[in-house]
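First chain A sits with chain B, and in the next complex the same chain sits with chain C.
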Partner chain A sequence: MSMLEELKEQIRTALPDLDMVIAWEQGFDAAHGTPLFIRTEADVDRLMVGPLSVQNPATYLPALVKAKGAGKIGVVAKGCDSRAIVELLQEKLISREQVVIFGFGCNGCVSQALLEGKIEEAGKYSAELTGVETDGRTVKAQVAGETLSFDFNDVTFEKCLTCEYPNTLIADHFVGDKVEVAPGCEKAPSLEEFEKLSQNEKLSFWQEQMRRCVRCYACRNACPMCVCRDHCIATTHDPQWISQENNAQENFMFQMIHTMHLAGRCVECGECERACPVNLPLMLLRRTMGEAVRNVFDYTTGTDPEVVPPLMTFKVEEENINERGW
Partner chain B sequence: MSGRNELRVEGRELRIVGFLCNWCSYGGADTAGVGRFTQPTDLRIIRVPCSGRIDPLFITRALVAGADGVLVSGCHPRDCHYAEGNFYARRRLEMLKQFLPVTGIDPQRFEYTWVSASEGARWQEVVTKFTERIHGLGPAPRIQGGSGYDELCLRHIEAGVLQGETCPCNKEKGL
Partner chain C sequence: MERKFISHDDITAWLDGLAEDHVVLVPMKDGGSVSFRPYVQGRTPNLDRQAVPSPKDAVFPQNETLLKYRFEKDPEHLDRTRIQVKETLPTEKTVVVGARPCGTRGMLTFDRVYDCDKNQDLYYRTRKENTLHVTVACTRVESTCFCHDVGSGPADGEGSDVLLVPVASGYVAEPITERGEALLAASQFKAAGDREAEAEAVKAATVAKLPEAHDYSDSAEKLMARFDDMEFWEEQSAKCISCGACTYLCPTCYCFNITDDTTGLTGRRLRSWDNCMSFQFTLEGSGHNPRPTKAHRLKNRVGHKFAYYPMLHANAIACCGCGRCIKSCPAGVDIRAIVKAAQNYTPKKEEGGDES
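Let's turn to the complex of A and B:
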């Protein structure tokens, strides 16, 4: 039995006790996956798990478990999604009894934007794409009856290149074999490149990027950790943290709000960057913050449901923080 | 406080924002004033109940909005009036300190330290050194740029159209 069939079977068995199971299905064309909310037996057949299962289903959880009369919610989670679930558990935003997690070993996701770029580069029309498959090393795309083969590293997200948690971390049901952990590189190449720039170059880079931001809040809405939703301080008028004016300064401030509110919480699932309609390199900010947390607190977010997140606690003597003498 | 200030660059003061906790550092600054210690006058003090009250976003807001420097000062660790406020503050402020480099805002423009109510001389030293440092860096570069399609942006687009296929924006599609 293939992994997908096994997963479908397990969902079918568990479904009677659950309100719904959040997973993925094929989107409006062959290049897109889209979230699927399985409520009935018939929905199970639409399930799709693979390189296009990019969305993070954990994003829906906090609102769903809070809803009136909510029962148990099932969720199919990749390794990175499960980190978001663990982080939500750590912060007590969801409780373990309320979620049933279906896990599997993820071979990595394919960035639809990069894939389309590669297909066009090969002289084909990305609109004629009919199927995508990957084994973690190569990506095979069916375009107009032909099979194009790409190096996985060329069409994947950076988060998959550096992925250390391809297997679902906590799972009630785990299907298939565990995937071997083999990060392609230790540090995201874009961040490594970016850090080589001088202070002024960085600032002008962000100015150029932030003027493109349309403040649609897609990054916020796609974020599994942005749980304030309608009470986000970016949209309140009292206090008014940022004005409604759309300029580089205000947009930059919004991104700083997002990053600071994710300090020690961000699981680096990359949803903000993927959701961005103007391709802002938001993960540069998130990864820098993540690195600071790892360096100072020796802590990786979303790996242990029992641990208190570092900014919700303190030590009287901090090993890695210099007392600033004058 | 003394109005005399030898640190003025080209005769103008810079905008330094200070967040001081009510119980220690604000008292320390007061002690320095009562003791008539000479201090530079660039610092604008905002009194907060505790350093734990300081949201790191206060600091980024100040820096993004054009402050040349931000100084945060609270009670020494273990001396917090509310027992543990500054322990939380220390973690948050350190995160901000390590995050700032990626934004292109000079992390030297932000500093946090601890000054108690009796340490008037220490306050004088802190504020003088920090002001000196900010004057060394000069006025902070403004974060500019209007909304998506202002004049500069339109010029870029025009230039891109002229370049045709070789325009880097074609590459951007693949990002």
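Let's turn to the complex of A and C:
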């Protein structure tokens, strides 16, 4: 039985005890995936798991488990998605009894933005992309009736290149074999490039980038850890904390608030950057903060549900913070 | 009005001239994206694709200062404060070059609300009068395109002043309005000659690529029939993450918010785009919110475009079919699929029945 068929079988068996199972199906064309909320057996047939299963289903969990009369929610989770689930558990935003996790080994996802970039490089019009297939090494894209081939590593998300957790970390059901692949690189190439810049160049870089932010808050709402939802300080009117003015300075202010609120919480699932309609390189902010947290607290977010996140507790003497030595 | 021709090589020279006395907004490669930006001499605009954000910023900017104010204390009577208010009407003349027919036509949605017998929005009206639209006809059909479903087409000149039709070595320029015709007096525009026929062939070839048009004419009636069916809307909105990518990129969304930015004794009153997907959009002062969930809010967005607006404005659908909301939705919400689900709705069978 194929991995997909096996997963469908597991979902069918578990479904009677669940409100729904969150997974993916094909989106508006063969080049896009979209979240699927499986409520009936008939829905199970629409399940799609693969390189286009990009959305992080954990984003929906806090609201769903809080809903009136909520029962158990099933969720199919990639490794990175499962880190978000673990972090939500650590922060007690969901409880383990409320979720049933279907796991698998993930071979990486295809980034629509990078794929479109490659298609443009090949002299084609990316908007005519109608289909994507991959065997995990090569990606074949159908563009206006032609098939273009790309190296998987060239069109996968940087988070997949650096992924250390391709297998769902905690799962009630696991389908197929575990993926045993070492990360393609240790550090995200874009971060390495960014870190070479001087402080002033970094500022200019962000001023240039933030100009085009449309403040649609897709980055915030796609984020599994942005749980303030309707009460985010970026959009409350009373009090109104930040100006509605749309310019580089105010946009950067919002993005920095987002970054700070994710300190020690962000699992680097990349949803903010993927969701951004104008392709802001938001993962540079997330990874920089992630590295700072790892260095200061020897802590990697969302890997162990039993651990209390370092910023949700305190130590009288932090090991890596020199508080009194001066 | 006479059609003209401009070669690819002459585009930047023409834009240089235009930019001398206009703000010229063109689609520019901007990071990993294409946005409308003021034309800068020497930089080639991306006229061969749809920009990610819509061109509406020219007539309805994301932010505009409505007025500036200053509080003044009376030194003789410190309990008295006077306010000086200065309105700030836009004065710049703008030309948008390189929007697509869908986006340009989409902006006509605003007229029925902000420039009609009942309402005259001075800011909108001034910008509209100061803005010209040089639109590029489409030669490609994307999987998110549905302009022809909502009464338009890939070479629709409605709302434009000039329509540029791509031909082999440049564009055939069709003047739509007199102001558009005046733009074509620039020296870079030559007689179109045989290229007129080529342009017509290009238009026909694009139309031939369109899938069969979907009929949305009963969408108002069918959506109103689902108005109180929250189960339907919960199902349709399940994957929506309630962000504003759809509304902020939409050429026809026209809701705004007004906030005051005060620093010390001076400040500005800002008008900025609002977003009906946001919880705050209908949050009342009492704390009550008539649209408390994303299901209520998505119902409003779809309903407004395909039911409430058409019912108020002679069946005009407030959607231009540009597909931005579909293409840029992080969760893959497809407005076409939602309207179609309402159009094709059949009641679910009772529990225990055959679900298929």
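Just a few scattered comments:
Please note the rule applied: the second predicted complex is superposed on the first by the 296 of 326 C-alpha atoms of A that agree within 3 Å, B and C clash if a C-alpha of one lies under 4 Å from a C-alpha of the other, contacts with A are read in each partner's own complex, and residues count from 1 in each chain.
Just so we're on the same page, a contact is a pair of C-beta atoms (placed from the backbone, for glycine too) under 8 Å apart; a residue touches a chain by one contact, two chains touch by 3 or more.
Bear in mind that the values here come from a model prediction, so they are computed numbers and not experimental data.
With chain A as the common reference, the superposed partners chain B and chain C clash. Looking at the shared chain after the overlay, A:113 reaches both chain B and chain C. In the superposition on chain A, A:12 makes contact with neither chain B nor chain C. When the shared chain is aligned, chain B and chain C each come close enough to touch A:214. After overlaying the two complexes on the shared chain, residue contacts for A:293 are found with chain B alone; chain C is out of touch.
Look at A:187: by the touch rule set out above, it reaches neither chain B nor chain C.
Contact with neither chain B nor chain C is seen for A:124 once the two complexes are overlaid on the shared chain. Using the contact criterion defined above for the overlaid structures, shared-chain residue A:280 touches chain C, although it does not reach chain B. Within the superposed three-chain model, A:72 lies out of touch with both chain B and chain C [touch as defined at top]. When the shared chain is aligned, chain C comes close enough to touch A:240, but chain B does not.
Annotation: chain C segment clashing with chain B after superposition, chosen from 1-9, 37-45, 73-81 or 181-189, is 37-45. In the three-chain superposition model, chain A touches both chain B and chain C at residues 113, 117, 208, 212, 214, 245-247, 279.
For chain B in complex with chain A, the residues that touch the partner chain are 55-57, 60-61, 64-65, 77-78, 84, 87-88, 90-92, 94-96, 98-99, 101-106, 111-114, 122, 125-126, 129, 141, 143-148, 150, 153, 172-175.
On the side of chain A, the complex with chain B involves touching residues 113-114, 116-118, 120-121, 194-195, 199-208, 210-212, 214, 241, 245-249, 252-253, 256-257, 259-260, 263-264, 279, 284-285, 288-289, 291-293, 295-297, 310-311, 314-316, 318, 321, 323-324, 326. Chain contact summary for the complex, chain C toward chain A: residues 30-33, 35, 48-50, 52-53, 62-63, 140, 142-144, 235, 238-239, 241-245, 247-249, 257, 259, 261, 270, 272, 275, 278-280, 283, 326-328, 330-334, 336-337, 355-356. In the complex of the two chains, the chain A residues touching chain C come out as 27-29, 31-37, 40-42, 55, 59-60, 113, 117, 125, 127-128, 130, 144, 208-209, 212, 214-218, 220-222, 229-231, 235-237, 240, 243-247, 271, 274-275, 277-281.
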